[in-house]
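Shared between the two complexes below is chain A, which has chain B as its partner in the first and chain C in the second.
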Partner chain A sequence: MSNVGIVIVSHSPLVAEGTADMVRQMVGDEVPLAWCGGNGHGGLGTNVEAIMGAIDKAWSEAGVAILVDLGGAETNSEMAVEMIGEPRAQKIIVCNAPIVEGAVMAATESSGGASLKEVVATAHELSPS
Partner chain B sequence: MSAAAEATVLITHDVGLHARPSVKFTKLAKTFAADVEIALAANGPWFDAKSIVKVMAAKAPKGTVLHIRASGNGADDAVRALIDLVQRDFDEDAGHVRSA
Partner chain C sequence: MAPLNLARLIAVAADTIAAHAEELTALDQAIGDGDHGLNMKRGFEAVRAEADAFAAKPLPDALKAIGTKLVMTVGGASGPLFGTLFMALGKEIAADPDRSGLAAAFGKAVEAVAARGKSQIGQKTMLDVLQPVHDALAADKTAAEIADIADAAAEATVPMRALRGRASFLGERSIGHMDAGARSTALLVRSVGQAIGESA
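So, the complex of A and B:
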């Protein structure tokens, strides 16, 4: 699949899965999509390995846009991108956008075949400047 | 070849051009090469119908007369397809509307 992939990273697996559910139901199946959330022991948190796994699952040659919620989700996502390394890292962008709205908007843009840059720009339109 | 087309359609869907309908509308608009715009009044302002953020921000409720215009390749087809989608209430049944 050549559409830009979307990865959702939340501290809560319920939020991440629910957001992914909204993307699937509102946008459809033509966008590679993966989510992760939780610390792996039933608590809130994010972890680098799970994020790397989600990036692999949603991988597209067109790139991957990551939507995150709070603090650690962002830093761990950036760490995951760093560990994946080049050449793939340059095709992965962590978006600065609200997680739910950003995921739906980014996926809508992606579903039309937009580039990674356009997909990220669409998510960023939602952020107060 | 370039062309221009413009038409209006009454939004009959219960929640109007909100989240889920906006996504469908934008996705369909993106399938056409023509530039497509929408407005809630004949004199504008006009919004890019391929921008999900702008379409959703327009917040067109039920009862709105939606103005759709297109220019460029396939302009006629684009306007006709989008009008059809609105008239079909975005292919949603009432069950989906409440959860939208």
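So, the complex of A and C:
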């Protein structure tokens, strides 16, 4: 698919899956979408391996925008991007935006064929700078 | 320096983290999300499980592999932060480093952790222990002196106000508690010193 992919990374699998449901309601299958949540051992947290898997699943040559909740989700997502490495890493951006609103807005932008830069900018507009 | 027994070092570090897991969790519960002890224990047990394989590698490769293992197994922000410390140290260090080479590589690794956490000294994080430890390494202090400096540096995070991580959400209420990452860093520094002391 040529639309920008969206990855949702929350400390809670319930939050991540629920956010993905809200994205799907808005854009259907027009946007590559994946989510992950939890520390991989049944607890709250985020997991680099799971994030790398979600990026693979939502991969698009147009790029992937990642929406995160709290600090550890951001740090682990940045680590995952670095471990994926170039040339794909330059097409993956961790957004600074609220996870639910950011994911829905970014996916909606993506479904219209927007570039990665445009998708990320739409999500970033939700965060007061 | 005496040849490093990496397998022994890993065992001492994993034992220390396991013995203090509840303490680390309690520190993290006070001003964080309360998963630090369990996360660190899980990561270091995963490293311990492959200690012989790590020890068989040249030191730079071993450190990089340990860092990657921590990134993949810790399961919190500490994973990338401690993982980056080891990965960057492995990238910078010589296979048989002298003290000045170790200090220089450690300095680069501390910079890498600061970049990963988008943090700096004085924000009530592990950096507040790593930086004094680097300075002590560069000043040719003994392992015992460095361990004491690390403990004092962790203690010095108590009156600080957290500016990074979950504790920063608490604002002034973060004052009066030791940072859990600073404590675990000091514990690891003492373990390394202890393991090196045994082989010296």
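Just so it is clear, the second predicted complex is superposed on the first by the 129 of 129 C-alpha atoms of A that agree within 3 Å, B and C clash if a C-alpha of one lies under 4 Å from a C-alpha of the other, contacts with A are read in each partner's own complex, and residues count from 1 in each chain.
Assume a residue touches a chain if its C-beta (ideal position, glycine included) is under 8 Å from a C-beta of that chain, and two chains touch if they have at least 3 such contacts.
Remember, predicted model here, so these are calculated numbers, not experimental data.
A.B. asks: Using the superposition on chain A, tell me whether chain B and chain C clash or fit.
C.D. replies: With chain A as the common anchor, chain B and chain C both fit in the superposed model.
A.B. asks: Which partner, chain B or chain C, touches the larger number of chain A residues?
C.D. replies: In the superposed model, C touches more residues of chain A.
A.B. asks: First (chain B), second (chain C), both or neither: which does A:Leu126 touch?
C.D. replies: Only chain B; A:Leu126 stays clear of chain C.
A.B. asks: May I ask you to decide whether A:Gly45 touches chain B, chain C, both, or neither, giving the answer as first, second, both or neither?
C.D. replies: A:Gly45 sits against chain C, while chain B stays out of touch.
A.B. asks: What angle, rounded to a multiple of 10°, is defined by the Cα centres of chain B, chain A and chain C, with the middle one as vertex?
C.D. replies: An angle of 150 degrees, rounded.
A.B. asks: Of the partners chain B and chain C, which touch A:Thr75 in the superposed model: first, second, both, neither?
C.D. replies: The second partner, chain C, only.
A.B. asks: Would you sort A:Met26 into first (chain B), second (chain C), both or neither based on which partner it touches?
C.D. replies: first
A.B. asks: Does the superposition put A:Thr108 against chain B (first), chain C (second), both, or neither?
C.D. replies: Touch partner of A:Thr108: chain B, not chain C.
A.B. asks: Nearest approach of chain B to chain C by C-alpha atoms in the superposition, in Å, rounded to an integer.
C.D. replies: Minimum over all C-alpha pairs: 27 Å.
A.B. asks: Just to be sure I follow: which residues of chain A are touched by chain B in one complex and then by chain C in the other one?
C.D. replies: Of chain A, no residue contacts chain B in one complex and chain C in the other.
A.B. asks: Mind listing the chain C positions that touch chain A in their complex?
C.D. replies: Within the complex, chain C contacts chain A at residues 33, 35, 38-39, 42, 68, 71-72, 75-77, 79-81, 83-84, 116-117, 164-166.
A.B. asks: Show which residues of chain B lie in contact with chain A when the two form their complex.
C.D. replies: Interface residues on the chain B side: 19-20, 23, 26-27, 30-31, 50-53, 56.
A.B. asks: Could you list, by residue number, the parts of chain A that touch chain C in their complex?
C.D. replies: Interface residues on chain A, with respect to chain C: 39-41, 43-49, 70-72, 75-76, 78-79, 83.
A.B. asks: Within their complex, state which residues of chain A touch chain B.
C.D. replies: Interface residues on chain A, with respect to chain B: 25-28, 104-105, 108-109, 111-113, 122, 125-126.
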